[in-house]
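Here chain A shows up in two complexes: once beside chain B, once beside chain C.
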Partner chain A sequence: MGKQLVINDVTLRDGMHAISHQYSKEQIAELTRLLDDSGVDIIEATHGDGLGGSSIQYGFSKETEDDIIRTAVENAKNAKVGVLLLPGVGTIEHLENAHQLGAQVVRVATHCTEADVSEQHIKAGVRLGMDTVGFLMMSHRTSPENLLEEAKKMESYGAQTIYVVDSAGALTMDDVRSRVSLFKQHLSTKIGFHAHNNLSLGVANSIVAIQEGVDRIDASLAGMGAGAGNAALEQLVAVMNRMGISHNVDLYKVMDAAENVMKPMMVRPVQIDRLSLMLGYTGVYSSFLLFAERAGKEYGVDARDILVKIAEMNAVGGQEDWIIGVAQDLAKEKQIKRGIEI
Partner chain B sequence: MGKQLVINDVTLRDGMHAISHQYSKEQIAELTRLLDDSGVDIIEATHGDGLGGSSIQYGFSKETEDDIIRTAVENAKNAKVGVLLLPGVGTIEHLENAHQLGAQVVRVATHCTEADVSEQHIKAGVRLGMDTVGFLMMSHRTSPENLLEEAKKMESYGAQTIYVVDSAGALTMDDVRSRVSLFKQHLSTKIGFHAHNNLSLGVANSIVAIQEGVDRIDASLAGMGAGAGNAALEQLVAVMNRMGISHNVDLYKVMDAAENVMKPMMVRPVQIDRLSLMLGYTGVYSSFLLFAERAGKEYGVDARDILVKIAEMNAVGGQEDWIIGVAQDLAKEKQIKRGIEI
Partner chain C sequence: MNMIKRKVKCAIIGSGNIGTDLMYKLLRSELLEPTVMVGIDPQSKGLALAKEHGLTPVYNGIEGFKEIHEKADIVFEATSAKAHLTNAKILKELGKKAIDLTPAAVGPFIIPSVNLETSDVTNLDNVNMVTCGGQATVPIVKAISNVVNVSYAEVVAAISSKSAGPGTRQNIDEFTVTTAKALKEVGGAKESKTLIVLNPAEPPVLMRNTIFVKIEDHSEELYIQIRESIDQMVKVLQDYVPGYRYKSEPVFKGDLVTVQVEVEGMGDFLPKYSGNLDIITSAAVRTAEIMAEAMNKEVKING
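So, the complex of A and B:
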């Protein structure tokens, strides 16, 4: 037990970002059935920003939170259904409701240096008898040693698994190795890793994490997820098969689901383009991507310049409103320059 | 000297495959100027299958071999221009002509177990005073120890640099490490690595190779290359910058060239799709891709099944004609099955 790698699919949660939270019930049902049939262990299904995320600030989801979770639960025969919970966005009431609807896994997510805010929510997950996970986002933003200190807090609250989360796809393979190996040495919990592909290292980083001994790994069909997407499930499975890493997923089924079902649903290609590469390079939060693109267009400035500024401001998740200010400042600078030139 | 990593761009050679060898002189000129200006050290410009490749068997290039090389040479102010030479496809006469036109680098390419055939061509390159490279294709198809034996042959012929070439994008990071480290221990030549991205490991494998001490690395704008493409230059540079690896390339310039110039030129997206993933998974040569797709359509069979069969037959490059036979056999099997079902 605990030896077999657990695959936590995020197609229906992180993937929500890439479809502006607009999956329909029919799409959720179809994707859940395919993922479940392919042997995925956990299917996370929530608004991209977690429970309570459907709002004017984070964007409304097409379906209600209840319908998203219920549809996933109804269509998953073998896989457990999970939910994401960002304290401050979602509440313990949201969690109790999700549990009521049949969710069995909860991932309580905080910025990598703010594990303290997860205490009540992790304890609530444990009290509900859920598979309770601590999820340390933007793990590149602090040292491996500090990250471990934060993880220990989550461990003390009762988290059974703790994740190194590379939200911006900014970790190199060495960065992953140092963080996971430290967790492995000093935590008694299980360990997980969540990749993004901004630097084209999503699958490679996941493999490094597996080699360093993680118990769980995240992936999504065709990489469906914020920014440049996550580790693509079908690519990760292909590499794991070639390396003889044991897991429960059928390669051909996820290849077909990615190609025939997931890709046609995409409203924009999930890929590494100039902007998402910049996200990984600067280490800015993936959820800034669409906002930066939009603000760049609106104010006639380069979205790259916005991201560089945001990175310098040491932004964390949830500060998307800074972007407008930055875009306005950049536009003003441009105007001033133009004025001088004239 | 020899400490700074040399970037060998293959946008105009491996990238030829992805555009069916149809780059125009204008496109070659523009890409050469951008690559040269970005600081790339070597620009390889040849038909995808090397000197003499423009033929009914490998596909005719839009421009003549002379025009391809001449255009690159004329537009490269600082970078050296290189050519690829597969003995049997190209000849020493082709090489002498390329040298005459201004090519300064030659890479003599053989299947990983057939270094013997490179002797005369490597010696010709050395005699011409060219930067002469041995290029061991499909390096996943033999053990690290055998690959070293083949490399030693090339070393004995006078090759100054020898490459581990992952033609099918089938090497894992451990596979790269074992091969490069063995080369590093036992060869007195410089060492290079050429990646393909079929398993999503193109950039990661290149980084592993750099960490194991290679002197040269291949990449291309937006990954432009056969199959799932090569390591994307702009992604590789971003990761190298983050890791403090020293090189001569300007990140923003290659990001812009990839996004604004290379991607709009692509006739099909260079990406990991079901078929190119299968190429990496089965380890079949990338040049089989378009042929398998075409034969699959023509005979109404799954191109994946063609690739699996081809892999079982232990095919090497240049056996694209097997594909038709396999497709016909599969179609026949399908008919028989259908007959039985009826």
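So, the complex of A and C:
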């Protein structure tokens, strides 16, 4: 493993979910400076659902899209600033704007079986001269072979790096190994892996991916991200140091940033608890956590039951609007059952 | 007493899913008669079915249609936005009325339950059917903006992966941009946003739309009026899209109204889960029928 691993930090993008997209400009500036100084290679900064994500459906961000990107760009001296784009949510026009503001990396994200909606956006990223990445979300929902077929589509559109994305934190270590190794054998692009820690495998899965030869790994300070968070950057760096994996990040600096700055900013602790564990267990998109929790309280139903139902319905990333309907149905069922008991 | 109605002749450009579904709906119409289907792939299933049902199949695109254009007065465009930009000019020169089911938006937006009667379609030579998402959601926003000012409307359209063909997939930005534009221009919202999600679940999910509407004023009384207004609109829609219905009860919370609807298709050519395609073909046929009625009147007056 002689080559240098690229660390793509997602504190300011996936972390947006954990704070309901409410980072202030000051917080974005401070976190960017700390991350940049620590040596991470790419800092992704956007609404949690990417460009154009600020909405009733996903939650409005505190700052405008322009301010989020601009603040990150202004405060990153060495790291490149990246943006996420989900076709269907963000558009090429959004991407052109982000590029103008100084974003150099774009990750075009689709559900694991829908890569062909990314063609125009990947081509636009390449045309703009951006570091262009294909991002296959919810990778546990399809077989390694199918995932490879979808990845090949993204490769044909011009993506330079393609990610196995464990959006639900549902992949086990063998699941990661089989997907990454197949990519490694059959793709000529670079490969990346994005973990969620819902099953407590965030760092372990990332290490497996590194052993299988990925070029990029996602992580965030204290794991700041949707669900139980991503691979915690400081934990990942500690393990990589012990294993002699080469990277650019300073351990003490990320430890301090996680402890002194990131954790005090958290509104709901980013941790494995019964509900975030349930995301990984049922294979539900991690950003559904806060929505399911709120709906559970509002309708007086167990939020875990909501997640089970949502998993049965095969909801994909971005379908937060289905949660309320499920909660309403469960509440009705509960009423009917009570009626029978009386 | 049975008056013989003169049916207006129609051509369909595009022999894919939408074109073929349109044909079945036109075959049922009392005012319209499909006569020609134009394609570019001689192997296409749509053209074979067209021939079987007595339409004249054209295998070499718009060039072929030019030669037999007198066989149709109304032309449905079910190809792509790019193709329609070329075809629109040709159809105009030929003196045809074009009903455009692509997002090209050469002509004004038509949502039958909202503006068909006020749009004077009989004098327009090109009208645009927005998008399937627009057909399903703009009427709800309009029903609300008829009661109270709407500051913002946001639509989340979920459709099954199987019902999203290559045209939709390669032009997903056009879908969101065109739908958002119609939410403002036809729906009456001051600001708008549209999101689309493709869901690959098996069996395929019905088209489902969540419509979030921010209203500028709210009270219990306004809620009641809004509810009546959208109930009425749903009925109007059901008149030409029988599978259109609430998915759950509309929710009123402060200045936010949330309406969820689903659309089950008629299963003419496309399976029932393709309600998204059904709603736009149904809207196009309804628009053509209004044109046909006016054309028949003209004939009577002239005759």
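The definition used in the following text is that the second predicted complex is superposed on the first by the 340 of 342 C-alpha atoms of A that agree within 3 Å, B and C clash if a C-alpha of one lies under 4 Å from a C-alpha of the other, contacts with A are read in each partner's own complex, and residues count from 1 in each chain.
Criterion: contacts are C-beta pairs under 8 Å (C-beta built on N, C-alpha and C of every residue); 3 or more make two chains touch, one makes a residue touch a chain.
Keep in mind the model is a prediction, meaning the values are calculated, not measured.
Enquirer: Looking at the superposed three-chain arrangement on chain A, would you call chain B and chain C a clash or a fit?
Expert: fit
Enquirer: Determine, under the contact definition given at the top, whether A:325 touches first (chain B), second (chain C), both, or neither.
Expert: The second partner, chain C, only.
Enquirer: Contacts for A:300 in the overlay, against chain B (first) and chain C (second): which applies, first, second, both or neither?
Expert: Touch status of A:300: no partner.
Enquirer: Does chain B (first) or chain C (second) touch A:232, or do both, or does neither?
Expert: A:232 contacts chain B only, not chain C.
Enquirer: Considering only the touch criterion stated at the top, classify A:259 as touching first (chain B), second (chain C), both, or neither.
Expert: So A:259 only meets chain B here.
Enquirer: On chain A, which partner's contacts cover more residues, chain B's or chain C's?
Expert: B
Enquirer: Touching A:281, do we find chain B (first), chain C (second), both, or neither?
Expert: first
Enquirer: Quick one: classify A:213 as touching chain B (first), chain C (second), both or neither.
Expert: Touch partners of A:213: none, neither chain B nor chain C.
Enquirer: In whole Å, how close do chain B and chain C get at the C-alpha level once superposed?
Expert: Across the overlay, chain B reaches chain C at a minimum of 21 Å between C-alpha atoms.
Enquirer: Chain A touches which residues of chain B in the complex?
Expert: Contacts found on chain B: 170, 172-174, 197, 199-205, 207-208, 231-232, 234-236, 238-239, 241-243, 251, 255-256, 258-259, 269, 271-274, 277-278, 280-281.
Enquirer: Can you list the chain C residues touching chain A in their complex?
Expert: 152, 154, 156, 158, 161, 166, 169-173, 176-177, 193, 195-202, 205, 210, 212, 214, 247-249, 251, 256, 258, 260
Enquirer: Where on chain A is chain C touching in the complex?
Expert: Chain A residues touching chain C: 52, 55-57, 87-89, 91-93, 111, 113-114, 116-117, 119-120, 313-319, 321-322, 324-325, 328.
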